[in-house]
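Structures follow.
In what follows, chain A forms one complex with chain B and a second complex with chain C.
Our next item is the complex of A and B:
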């Protein structure tokens, strides 16, 4: 019996551990993805029999999307929402991480407490911000009125509703960037920091020339992850604005949801979702290129 | 970074007002941020204890009442709460059962397809839920899994399984192989060595992974909203349902939201250090 036979047996044993998970993962991810793609090629409408596997015009949904102004508008709203939330979360997260990186008990305590918003159930986050945004009951609105700066209702104003979502989303997700940046800051070696101090660098110079080069890759990864997750924003929009007023906060994700579950246009909605998947995979690919996460994992 | 060479070593005169007070300014900033983060949360919790006559009151002193919690107890909410617990626990257990051996394999054995599998798992984490809900809804209509606990448990595997594989792989890579090799030489099979050596050594990681799976399932709103109606509706969906039926009854909504938040907050503060790793999974190189 050679060690080779033993090693082959070990490989078989390992394969036995991996196979069930891959089968399950394939069933719950690849099969639905294929089903989604097929549905997007049909005019499926659950209120109209016979539309289920009708492939007579596989490209119709995509042609319709090309001309659908509401779809284009939803994509534009998504771009605005994503740009605003990602930028704000990055700035706030970075600032807070720099503030809390080292220090006394108060800042260590804050580091723990700041985890809370991102683990709260999104529906609860939606409800607590709904309280904050409802003028006649909100302590914030009352406070602003009391100091003489009354704030108009945000969620019912078409030009402000998106900002209401942005504020709530930033509150919920700045801790993500904060955590990543804190982890990156702790990896910075002492030597360059000490050297910069001896050379008399001020806070700004220290940040710009010593810290930033170390944490820039982390910031990029945080930005891309949040960018991808910002496409999934649903509970906040559902609870705070329901996509409105008008279509002011109807992002693409929400548009797909409404098309399928309110209008029963399943084929059309599937086409929207398929495009979203393609867009998100393109972004994921960029993440993989930039961060080398895949490499680090397998090597 | 050490405090030993801090700016206090410099002559005071060379420092500006800001530099001299930076510690205090930082502390004040921290305190204000804490207020901004905690205030909306605590406001909702205190609302849930206010009597209806005074629900929007501002005085700090009030006679707390449990009337909203009692009202919840008599409605559909307890059933939904139980659904949430059952579905989250079952999905977590299943994901661990399938995912942990797979993670161990990916950490130890060299497969040619390893990189593709890692990418696949990352892609699963990235995919928008709407892309899964449409096919799952259509398929469940045919097989009768709509509005069932089993249906939700299966759907939650889409994100839980990927998460378990991703996180546990990292933890297993941190366990030295020498111990397992010793066990192999003593005649243990691969999986016997795994059960006796590697798994116990990664117990803290396993606990953190389980908690995170539970939280993700517990927090889900989108899948449950679409795939359940009354029988299997989870607590987050139950809140939305009674908003639709009875309008914005703030006291009751605040109480329900508090109950939904409670387990998550307690859990996450308990396993804080491990959790950080899972929440940022895929975002940091380890």
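Our next item is the complex of A and C:
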């Protein structure tokens, strides 16, 4: 067999091997996304069946979005939520990982415990924090009041409600960063650490000049993954604040949800969702680019 | 011989199941249908109202009587509505019986998502005359009809907004009665707030329901002239005055997290004596007399207070309907018939103390009146008196197909006022702008 024939056969084998996965991908991802895009070009309202395939004004929903202050505000709230949650999750996850890096049995046990929030169903996390934030029954509020530092109701104060979501989301997801950083810390060779110790580096210098360069790419990847995931924040908002008070915690996907599920405006909601998909794609592309850079740096 | 044997079996079977028929209030003639429905399973959902909870407890009786099995679900009010709205829009067969929610009635019925029930009601082979459809309060049935007068839902509740004081003793200690006007309400709340370290006032945070009596009491409305003219009027001077008034009540006399109180929390706070007074639904205020209530002997009740322009209590009915996609319509009607039979409702009243009844024969029964007295207050008379206000036609705003849009904006507007994010004028202006945008997007010409 010629090498060209062998190569062609190999390509065919690869294509055949990939085909089932591509079919599944097309069915579960690309087809719904395509339907979403088509719907966004219609004024689909479930109470008016004739609107389902009405493409007479395919740009109307997008023009409307351009002028929709509530949509713009929801995007801004999303930016604030994402920035706060990702930053806090990185800091807390990194801090806890550094504390738990060296193992005795207690630290190993703590690692396992810290993973629990991440594996809880999101709705359970929402209910847990709803209890924590309900002044009448909250152990958190009672404790703070007992030590003389009463905390105002968080979820019904427009200046604090978003922070209530940030705190709950950070609690749920900092273990993700912790886990990645712990893995990265375990991979650091002993030699540079020993050398730094011999040179008299203190803890801060050890972190800044030895550990951080090794774990920086991991932190970057964790940050970008959490950034993408933060756009999907929904269960906590649904359970804790319903997007309120007012619109204080109405992020973009919650806004899309209200338009579709409360008002039956599925075309308009699909336009919001389509823009979100575009934003997620852009973020994914950035991740891909930055991850590649990160790998090169590690090498 | 065969005929004789069959007769004997029928007699024995009827005797064996007689207690079940008596309990369920279902006539023995339905024994014939039992076999017909033996393999039928109905999927039924309603929002988590006290009546719906009681029905859940009686379901084994229904299954025993008819052979129909039931998957029954009672999520919270907003979750139910979202789920039902979506399921109905598909015209699928996922549900056989659903609650026709008051604020969605026009939308769901108008879209043809529910089955007309007249053919079941008027067919004597399906519904005996003794079931007596005419016994249902006309005011509770009318939102369940389309323009042609066809009936799409059998109302199980006529819910009305009233006043309830779980700690009336604190009002009485100040020489006060149940507030009858907005002025009296504000003065009363100022007088009792903080007594026994209790907040004076709470309402359910579904302000698209609880705010409207104040809005209309000040002379405002949600739309200019519903259902014909749906131009929103949420930024009127009257609407701003009402928002300021409610904002002050909740901010100054409400608990710290007043915005977080849904209807269950508001009712529980009242029952547990953690708040003094509330404007709440009749069906939930009845729970102050249930076992476990700490307010049973300190409670008092009254009509929704009147504003400068009159008294406009919230009145809403919810009913059982059959989605058009259901494949078990006859069995679904059996369920509705059972769930709304006088016999079952009588039993529910006697055993559960249920009180938001839509059958006038029960409401006018002296024994029922006695049973539903609560701490010496004739709750049924208050209920009937409140229902009488429906003749004003002030609830027309609520059954227009785009009320859910206005409902959302009103709730958000009051949240902004109570939380101090905006003053009443700014907040209602924003609600007005947003509602106009949402209505236009829904195809309403303004």
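The rule is simple: the second predicted complex is superposed on the first by the 273 of 299 C-alpha atoms of A that agree within 3 Å, B and C clash if a C-alpha of one lies under 4 Å from a C-alpha of the other, contacts with A are read in each partner's own complex, and residues count from 1 in each chain.
We take it that contacts are C-beta pairs under 8 Å (C-beta built on N, C-alpha and C of every residue); 3 or more make two chains touch, one makes a residue touch a chain.
Note that the coordinates shown come from a computational prediction; the quantities given were computed from them, not determined experimentally.
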item: First, second, both or neither for A:245, with chain B first and chain C second; value: second
item: Chain B versus chain C as contact partner of A:261, first or second or both or neither; value: both
item: First, second, both or neither for A:171, with chain B first and chain C second; value: first
item: Touching partner for A:96 - first (chain B), second (chain C), both, neither; value: first
item: Partner chain(s) touched by A:47 [first = chain B, second = chain C, both, neither]; value: second
item: Chain B versus chain C as contact partner of A:227, first or second or both or neither; value: neither
item: Chain C versus chain B, contacts on chain A by residue; value: B
item: First (chain B), second (chain C), both or neither touched by A:152; value: second
item: Touching both chain B and chain C, residues of chain A; value: 134, 136, 261
item: Partner chain C, residues of chain A touching it in the complex; value: 43, 45-48, 64, 68, 70, 134-136, 152-153, 155-158, 244-248, 258, 261-265, 268
item: For the chain B and chain A complex, residues of the former touching the latter; value: 1-3, 5, 7, 10, 19, 22-23, 26-27, 29-31, 33-34, 36-38, 40-41, 43-44, 47, 55-56, 58, 98-99, 101-102, 104-106, 108-109, 111, 114-115, 117-124, 126-132, 134-139, 154-155, 157-158, 161-162, 165, 169, 184, 189-191, 215, 218-219, 221-222, 225-226, 236, 239-240, 248, 250, 253-254, 257, 260-261, 264-265, 268-269, 272, 275-276, 279-280, 282-286
item: Chain C - residues contacting chain A, complex; value: 82, 85-86, 89, 107, 110-111, 255-260, 269, 274, 401, 404-405, 408, 411-413, 415-416, 418-422, 427, 434, 437-438, 441-443
item: Chain A residues within the chain B interface of the complex; value: 10-11, 13-15, 17-18, 20-22, 24-25, 28-29, 31-33, 35-36, 39, 44, 96, 99-104, 106-107, 109-110, 112-124, 127-129, 131-132, 134, 136-137, 139, 142, 171, 176, 179-180, 183-184, 188, 190, 193-194, 197-198, 200, 202-203, 218, 221-222, 225, 228, 231-232, 234-235, 238-239, 253, 256-257, 260-261, 266, 269-270, 273-274, 276-277, 280-281, 283-284, 287-288, 291-298
